[in-house]
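We just call them A, B, C and D in the order they show up, numbering each chain from 1.
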Amino acid sequence: MAATATLLISCPDRPGLVARTSTFLAERNANIVHADQHTDAEAGLFLQRIEFELDGLDADALGPDFAPIGDELDMEWSLHLPRRQRLAILSSKEPHCLLDLIGRQQMGELAGEIAVVVSNHPDHKLLALGAGIPFRHLPVTPETRDEQEEAVLAVADEFRVDLVVLARYMQVLSDRLVDGLPGRTINIHHSFLPAFAGARPYHQAHVRGVKLIGATAHYVTSDLDEGPIIEQDVVRVSHRDSVDVLRRKGRDLEKVVLARAVRHHLEHRVIVYGNKTVVFD
Amino acid sequence: MAATATLLISCPDRPGLVARTSTFLAERNANIVHADQHTDAEAGLFLQRIEFELDGLDADALGPDFAPIGDELDMEWSLHLPRRQRLAILSSKEPHCLLDLIGRQQMGELAGEIAVVVSNHPDHKLLALGAGIPFRHLPVTPETRDEQEEAVLAVADEFRVDLVVLARYMQVLSDRLVDGLPGRTINIHHSFLPAFAGARPYHQAHVRGVKLIGATAHYVTSDLDEGPIIEQDVVRVSHRDSVDVLRRKGRDLEKVVLARAVRHHLEHRVIVYGNKTVVFD
Amino acid sequence: MAATATLLISCPDRPGLVARTSTFLAERNANIVHADQHTDAEAGLFLQRIEFELDGLDADALGPDFAPIGDELDMEWSLHLPRRQRLAILSSKEPHCLLDLIGRQQMGELAGEIAVVVSNHPDHKLLALGAGIPFRHLPVTPETRDEQEEAVLAVADEFRVDLVVLARYMQVLSDRLVDGLPGRTINIHHSFLPAFAGARPYHQAHVRGVKLIGATAHYVTSDLDEGPIIEQDVVRVSHRDSVDVLRRKGRDLEKVVLARAVRHHLEHRVIVYGNKTVVFD
Amino acid sequence: MAATATLLISCPDRPGLVARTSTFLAERNANIVHADQHTDAEAGLFLQRIEFELDGLDADALGPDFAPIGDELDMEWSLHLPRRQRLAILSSKEPHCLLDLIGRQQMGELAGEIAVVVSNHPDHKLLALGAGIPFRHLPVTPETRDEQEEAVLAVADEFRVDLVVLARYMQVLSDRLVDGLPGRTINIHHSFLPAFAGARPYHQAHVRGVKLIGATAHYVTSDLDEGPIIEQDVVRVSHRDSVDVLRRKGRDLEKVVLARAVRHHLEHRVIVYGNKTVVFD
């Protein structure tokens, strides 16, 4: 496979946009591998993802060359050259999502590498170190929350992190932390949002007597469980399933839903606009 | 297939319950076709469904004979002898659920027959009459709601209705109507409850940017969209899907989910306890 | 919604193809509503679907103007201007797929209209006529197969049919009929192909003890059940489900899978290459 | 949770069977936690699973006491007292199923423990040993197959194995090995059987252009990929998915489908009859 770059664009809709971007690439003799676009008619918004081979191109000149087009057409755009992105995973006591992501890294599934595992509990230390990943134990109490969040930010900085993944991290993040983390932060919530937001969603699902349970991966915003949804899935349950069985069935969902969202993000397939996402899959 | 009867039981859990009910039937040489049970350990409740062949049994004596056992063991129980149940379908303007149920009746899928279609609009008159089903147009305004509900009750009475199905009936039922209708009433709500309760769920789903939409069939209680859930299902959607596409995809869900719930009910597979259901499928 | 036209293209892959087609449209000030492409790297093939608004365009000139580009780049291409396509539905005794398609036409879901129903049995006559659709009864025996197929071709011709849909039509089509029918023919097979090809797939599934059953919509070729697959789906079954229950559950699948395939085709979302399809959804 | 035992029964159907088994337990004051039964009308077969609390019972006497009933009613039956079952996992080079089962053991999800990992390649040695599980490398060539299978049998014997799980073990087992292994052997095949049996199912699926791929867990018999199916599931794919993407999506399926089958087996929820299974879930 030739190395590829990805261009993500969102801008006010108007005729000729596809021609402008594709002509820009054709002039450089770039081969487009995937191109996908979406027009949100209500919002009057054009969104596009173009992935193209870098073979024979001057990669460093692409951004500066495209900038005037972006300016002219009022685009928000980003150009992603091939680079292994660096992830920080925040976890607490439940290991299944962390284990799953480590396994995927070892299978070569992730277009990125786990640079560090951060936890408010010591439980996952051996798991991380056994996989050759640095581990930082940053315990937190209501009194020490500010300091602990400062420490989390410092770790993200130290490890030059591109993406933070909350892999069942059971702490609410302050606005300051959400804003301070580099790039976007992805969380996995163990329900089909917006149903059962907040604490103990499997208990809530059991009490309500739903016939399916779900999991939702979303970008973190200052509104808890209200950020843009990247991926969701569900599994059938029955009256026979205790809360413990819901938890077990839910773990299989959480792992897959979180991994899909992380992969979509790492492959530059997601554009956020308003409180929604476009996932070019 | 031999004719079968079904016994539904719920009672406080204790040892020996399965033996008591199955021995009652064995003494009469009844052949059990299906037997299923569930124990809700938290509630200390035993729930059972037994379906058995009536061949060679004195059907009329079964109930009186079982009553002392029911009394002794503090059971809520019901015995269902083979009988075509009579349905009233309430609809408004969207015909897809009504059409679907009529089609299933014609295919012989339903253990019951549609005795009457009631609507607050005249639109479905030809559809009902064309299928040989009586149609009653009972328009309603905020001012005439009480009278209209009286008329609905009178129709249910006139047609000796066993089950009322709200097939996208876009009126909120008063407590008086809910309580006055015979047996249970089943509604289809076009979302994955408890997400997007209330009005315009597909709009709500579109605004929130969910990646799956759902439908929920539930028994009607005086709390709107809060009754015991019988069946739910979902279908994947994407950023490409406008509200109109969500509606179209949702219609396919609504039809199937409502039909499954109606069939479960007609086959005496559902026991309600608290605000939940056990569905013995 | 403005009227739109759709351009479907497949050609040998090379750089600059997206730019060529989008520039062609941009020069005419056409607004692209959807554009999607796929490159099959193994086959060295580029496939594209572009849907654009016709507002202000000279629709009749588009084809002639595009032809030189198509020639130069060795394209197979087709341009679809807005036009209600005409369907012939072939059915036998099972009415569910026919009923479902008629219902969807009445809901306005189909970008086409059912021009005629043809059946080798008389059973669906009232159903078709009741919906205002002409019905032709063309019975067939092993001895009269050639004549009957001639008659089917004549009906397709008489009603200027664009698409033939086999809605559980239980006759094997001769090569001559397959080749003679206008455009493509879509069939629904009641299994998850390639499992359980041929006769009585629900029986086969029951005997094999599978835990899911499926349905497959595909284009008809001279190899029975071997044509390019457009859409498939499955539903969970259990040991409790008799062949009759498989049939009932399967009917709900067949209807939805066939309807999705017909809609994809009518909206010009499908390109066939080799024995596979690309579905731009 | 009180300790429970499970009774699995299959026998010719006749009236009174539920009463006999439940009365047997009621006489001992045993509390039934779950009871489920199935009658295969075609085969004239009654199948039952009863799980009951052992509290206050003489566990050792249960089997001998039940034997006369089993004899009288021509039952095949087995009584399963609480005991951690011992698993041997056979793997080759792909680690995902092995990793997944080890993770589930560590989460306490499995009613059993992995006693040994056997592989024809050395790759998984560290993975097994890191989890504290003995590892045996038993390489195989066409010439040494008989000896290697002898060695596999010897390992199963040495570790007193109850269940063998083929976790993507890429060797065909001889009849002698299949027959010689203790209890049943579970295999995961990476297709929706009976579609794409044999080698390279993802390639086959890609060539055929299916819209869903599947995975099947089944008991191993001397007919390759033809044994009784325990569990299956599918996931949607599209024309965009290369064989490598099918493999990646398939891995997530394989893990979950195999784990469900192993759990059903370990919890004594599966009865095999003919070439089918009943799974009491």
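Note that in this section contacts are C-beta pairs under 8 Å (C-beta built on N, C-alpha and C of every residue); 3 or more make two chains touch, one makes a residue touch a chain.
This one's a predicted model, so the numbers in the text were calculated from it and none came from an experiment.
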item	value
Equivalent interface positions on subunit B and subunit C, same or different at half	same
Farthest chain (mean CA position) relative to subunit B	A
C-alpha-based rotation, subunit A on subunit D, 0 to 180 degrees, nearest 5	180
Between A-C and C-D, the pair joined by more C-beta contacts	C-D
Inter-chain centre distance, subunit A versus subunit C - centres from mean C-alpha coordinates, in Å	37
Subunit C and subunit D, separation of their C-alpha mean positions in angstrom	41
Interface hub residues of subunit C, defined as touching at least two other chains	34, 38, 240
Interface residues, subunit C side, partner subunit B - complex	34, 95-96, 99-100, 103, 106-107, 109, 130, 240, 248, 251-252, 256, 259, 281
List of subunit A residues in touch with subunit C within their complex	13-20, 22-23, 25-26, 29-39, 236
Sites on subunit C touched by subunit D in the complex	38, 40-41, 192-196, 208-212, 214, 228-234, 238-240, 242, 274-279
